[in-house]
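Note that subunit A is present in both complexes that follow, paired respectively with subunit B and with subunit C.
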Partner chain A sequence: TNSTIRVSVCKNGISNGTLYKKTFIEHFEQAPMYVAVLTFLGFGVGTIFGYLRDFMRAWGLEKRNVATEREQQKDFVPLYQDFENFYTRNLYMRIRDNWNRPICSVPGPQFDLMERVTDDYNWTFRFTGRTIKNVINMGSYNYLGFAETDVNALKTVTIELQKYGTGICSTRQEMGTLDKHVELEELVARFLGVEDAMVFGMGFATNSMNIPALVGKGCLILSDELNHTSLVLGARLSGATIRIFKHNNMQSLEKLLRDAIIYGQPRSHRAWRKIIILVEGIYSMEGSIVHLPEIVSLKKKYKAYLYLDEAHSIGAVGATGRGVVEYFGMSPDDVDVLMGTFTKSFGAAGGYIAGKKDLVDFLRTHSHSAVYATSMCPPVAEQIIRAMKCLMGQDGTTQGLQRVRQLGKNTRYFRRRLHEMGFIIYGNDDSPVVPLLLYMPGKIGAFARRMLEKNIGVVVVGFPATPITESRARFCVSAAHTREMLDTVSTADVLLKLTSDAKEVGRSCVSVTLNLSNSSLHLFF
Partner chain B sequence: MDIKRVKDYIYWLYYQYLLITCSYVLEPWEQSMFHTITVTVFAMVVYTAYVFVPIHVRLAFEFFSQIFGGQPESTVS
Partner chain C sequence: IIRLLFSKTYKLQERSDLTPKEKEELIEEWQPEPLVPPVPKDHPALNYNVVSGPPTHIIIVNGKECINFASFNFLGLLDNEKVKSAAQASLKKYGVGTCGPRGFYGTFDVHLELEERLAKFMRTEEAIIYSYGFATIASAIPAYSKRGDIVFVDEAACFAIQKGLQASRSNIKLFKHNDMADLERLLKEQETEDQKNPRKARVTRRFIVVEGLYMNTGDVCPLPELIKLKYKYKVRIFLEESLSFGVLGEHGRGITEHFGINIDDIDLISANMENSLASIGGFCCGRSFIIDHQRLSGQGYCFSASLPPLLAAAAIEALNIMEDNPDIFQTLRAKCERIHELLQGISGLKVVGESFSPALHLQLEESCGSRENDVKLLKRVVDYCMNSGIALTQARYLEKEEKCLPPPSIRVVVTVEQTEQELDKAASLLKEAAQSVLN
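Presenting the complex of A and B:
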């Protein structure tokens, strides 16, 4: 069969010799062959019509909406390479209304959208002035539900806002280190169980500005295929040699490690100064969790360093929300650099790097972000402090633990429902990121638009961010979602049974309830 | 309500066709052009099948039965 479900535990129970303490089930089921054929067919149709429209635009039969040079510039070197943007111009523009939708409320489990219409097929938009209220939010990374406006919850944040204001107006090394930052860093270190931590104002900048401080020329970076752009940018900025291993594939990683140690640097064959492995806790496009025990054992065997980016996994997995390290039952001393962001589970902004005290002290002096970037704003720091204290139970309630448990329950329920309905879902059973595969380009726009009609906001992803045949809709389950909301979302999907069926489930005819108010079928949307 | 169910089913099939061939994203005039071409090609395929397939099937059947059967048919009935 085409499905690849990896279970690393034998049927009779967990034996003592394995690295994993509980079952680790990931799904990366392949769609049937006809789905791939139809996907290419769809892209072919789109391409043909794209050529047709480009031809019409070039010969003046149609108005040109893209940037072109002036008449006087035509003799110079061309400014715009039209063909490179072929995909953007001809396919993305047609379904562009599903992205960059402005919202006008807090991105909690439900939010409000500004209504946007287009008169010329998505080249320009205008706002009608109305808002679409109470749209179920399946796109925000609000895993623990801390993006809330409840006055009681934000009491300490308002106090700090009145005490400190919002501006820092300085960098960490000059005058931008507040007592709030020190308090937050101690709290983060205690939360993760490490010696020390440092916080930065922006999550992306944490990666891209600190990796160049840690590695340089003569070092080797082994990074996963599907790493986030911030990790890739940081790796490239550092000037180290980068080698890519296949996603979550330990054989590929081991082969690269062995080659690195045996052959050394490319021409001089000297030993590498440092070998660092860049992985993420949860990969946000696949929903897969890193194979941390295996990576740690490889790292110990070959004496490499490990940089773990827990942007999506901190707060979201683990029995008490302490990330993948706790999820696998390992000790945080095994990972050399623990990095994470506060954007996803804590409802704030910013990132942290945690680890041994020597590492963090080094970063305090040598990180570009510490020297040049403004530090985190005090009310945001207070929001993180209150969220973390809530998670650790230090505010006197069990709300934090309840949120983590609720997230786990919601995740498992939602994934099970979608599996039962026969959709192809990628990723680990415990990850709150749920990618639902759509495959065909026509379905990308249709799915997002129909979900919005049913008052559900989803994020759909297409070609440049995913492989060309595997476009998907990505749901982010939150602890704040109620069961009714999840039911609404999953049954709404049933009406779109048009999406790819898993191999076991046959295609069934589902009666679509329409209101064919006018005779023309186009008015359905 | 049987007629409604049939209408819904037909609409659902049309919608599936739009999505699978990615003509959902096209503008209305492009869709009309695409539907015309598709329907034309489909009609031609159906017509060709109707005209030629029975003849070919009969000839193939006779060919294979000659190989395996091998009995000459008497012209004197």
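Presenting the complex of A and C:
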């Protein structure tokens, strides 16, 4: 195919010698032009039909399925503007059955889905009562396979649950610090190789409640374009000035740093109090890994602080699962604030922040979560403790290391297979998050539904989580997947023939039109 | 004229007239503040209480065994065997974590069941679950109220509400705590503003955010008057029931049952399951028209992993217990009234809170000048009590972040499990402590 490939191969960093100890290859292929044109065409057709349907609904020609306001409150100011919900009503509703699929088993490498059907084109769902068994799970963030129900593995968790119960009913600073939390924090600090750590009950809340404690007015936040909502919310709540640099683009970051220090705050030209750089270890929608060595050298040169969010990368990359810091062979002292979550690789819930003792002491006293939010519940803390001990090898087996290695093997195998088949995959070769580009809006629904028919559960994402032309299916490789499962998934992709083939593109464009006009046609005939 | 046309124009001196050498110097000279300011070693929050074992009725704090008057375990469900066995069963079936947000295979059948049960219990159409109590109200408010909308909020609102309001970027108007006259004055002012600009008024949404039982002051909001104001000035009401859910009302349905108000009159009720239900997480309930919107635009719902199933199963079992034994609410109310009476008349300390509120505050009658000294005095009272077997705690706030900082106080929490002797013992200890420390 005549596509332009933009591959960034970074072997040498800035000025002094090799910053990268191994080859760092990331692919961001651009699709051919006709794909972009047809994608816009697909959205255009959808929008026109959307206006048509709205018109028919307003004139009573079509049934209104949406819940409406109370009679007594009809003269209040409307709660939702019509235009805000246009996308939800008309485009999202048609393919809504691909999200929020309920499951009824452990989210391991295979799971059981509850079968749902809709009688009225996705406005309401009905459970038939049957379950679809043993669907291959390519959607859950189960990187190291710790989401398991093996009785031996969960023995300590069962004991702690019996001893402690499920709740805490208090905040960290009042009566909510249990000995389990102290144990967990020491373990996390030892695992990461830092002085001290603090754990919180929810990963999203870790970011949104601690960034405002660290920075305030008069500080500058430099955040990557594709940062997660929790980082964006934390940055906005802090009141500091936010400037965005292009994704993984070090020149853009350096220019922003220089301008910030030289010109100071926007109108008064006072010096900034602090500059903090917010990045993620692995970006969940792109699958790319942060260029850590370059960022660290920039940060040292310009005296900024670095906040690294390792939600997806802790446990998943690195020779022993210590995250991107180990992956690049760097020391954890280079990063000022190490943040991560336990939801993804450890099969539990919650988040942590680790770093120097001063930092963690400050957070113990000034974090919003320590004063106003409940602490982590004990059985969940025990699950993290046992998973971490397994990873560190402290439980006497090498199971932890095996899991990390298996994940690495699975990742590379899966990516290689998909690449050989000619799909456009984004991201770094070593990241277990594999986005497969679909582009067309019609393909989003078709891909997810047909994969489910073949007993494979995938996650598809479109606008607004991704740019409008770049809808994708995202696979999450797990250490618990066997080679046969990965083969099944990749051959299913090939059988669906979603490569950039002109015939298929034409066919899928027609299927978009038919799909979207389906219910309108059925009105007329 | 020709001279003016051809004369050199003065360009505004651009700052990029700095030479590269000057830029390098600026970069060299700039020194940032340290990432975190140093924290003094004796900061009260650094030396917190470590609890060994579960925080139940008898609690082991810092090695001493005490009776727990500090955890919000109102219905005593933290220790309940049925709840624990429901959680064990769920652990065997589902493991611990959900490994995904609700949209991407993180929805389990227990979540759907819990949402249905909560909606049925509160007699609303629909309910939505969040995986963290703080995030519930902090995500619910910004989902509806955007920049340009107006929110009237009570001064004593808790921190989670304040953060939700800050994230929503709406115009915030504070009214004095429980003062309906002040609120009406603000609403009238808004009405006159509206008449000046009717087009804008037609699209600005208005909300009132109040709590059922205020955490900072221990009293209830006057809900019937609020409903009247709602229909008169056309504002929507968001009610935060973290403390009153499972406490007020005949069957524990909260403040709407307590005042006998039709639940459809309240637009959104939000509560967290961390107090009465002894689980983790929070929920919002109301009509489908309102709740369904949060499934796509509640940030804490869409972008965060869902609640671990064992906690959801524990919450369902706790709801079962609440439904089967409606007399625990009466028992709890009787105990609250008893301790409220017993604590009156302690020299130097005054009781703040309604007689049926299970979370009371004890404040100093006269402050000794600075907040720090007040805090130290109260700490001595608390230490005295802890040494004698009653576990109490001071109410903690972030001093610089709160909009209206409440005065320092000791938090006293009443639970169903405390016996009358223990209540008497606590009251007499507090009297002794106040005598010895404050005199």
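In this section, the second predicted complex is superposed on the first by the 468 of 525 C-alpha atoms of A that agree within 3 Å, B and C clash if a C-alpha of one lies under 4 Å from a C-alpha of the other, contacts with A are read in each partner's own complex, and residues count from 1 in each chain.
Everything that follows uses one rule, which is that contacts are C-beta pairs under 8 Å (C-beta built on N, C-alpha and C of every residue); 3 or more make two chains touch, one makes a residue touch a chain.
As the structure is a prediction and not an experimental result, all values here were calculated from the model.
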{"item": "Subunit B versus subunit C as contact partner of A:T482, first or second or both or neither", "value": "neither"}
{"item": "Per-residue contact with subunit A, leading partner among subunit C and subunit B", "value": "C"}
{"item": "Which superposed partner A:S331 touches (first subunit B, second subunit C, both, neither)", "value": "neither"}
{"item": "First, second, both or neither for A:G203, with subunit B first and subunit C second", "value": "second"}
{"item": "Which of subunit B and subunit C A:V157 touches, first, second, both or neither", "value": "second"}
{"item": "Contacts of A:S140 with subunit B and subunit C, given as first, second, both or neither", "value": "second"}
{"item": "Touched partner set for A:S369, first subunit B, second subunit C, both or neither", "value": "second"}
{"item": "Partner chain(s) touched by A:N249 [first = subunit B, second = subunit C, both, neither]", "value": "neither"}
{"item": "Contacts of A:M440 with subunit B and subunit C, given as first, second, both or neither", "value": "first"}
{"item": "Subunit B-facing residues of subunit A, complex", "value": "38, 41-43, 45-46, 49, 52, 91, 94-95, 121, 440-443, 445-446, 498, 509-514, 516, 521-522"}
{"item": "Touch list for subunit A against partner subunit C, complex", "value": "67-70, 72-73, 75-81, 88, 92, 99-108, 111, 114, 137, 139-142, 146-149, 151, 154, 157-158, 161-179, 182, 201-205, 208-209, 214, 228-230, 233, 236-237, 258, 261-263, 271-275, 302-305, 336-337, 341-344, 346-349, 358-359, 361-366, 368-374, 377-380, 383, 457, 459"}
{"item": "Residue numbers on subunit C that touch subunit A, as the complex places them", "value": "15, 18, 23, 26-27, 30-33, 35-39, 43, 45-46, 48-56, 59, 61, 68, 70-73, 77-80, 83-84, 87-88, 91-100, 102-109, 111-112, 131-135, 138, 144, 158-160, 163, 166-167, 201-206, 231, 234-236, 264, 274-275, 277-280, 287-290, 292-293, 295-296, 299-300, 303-305, 307-308, 310-311, 314, 391, 393-398, 401, 411"}
{"item": "Subunit A partner contacts - residues on subunit B that touch it in the complex", "value": "5, 7-9, 11-12, 14-16, 18-28, 30, 34"}
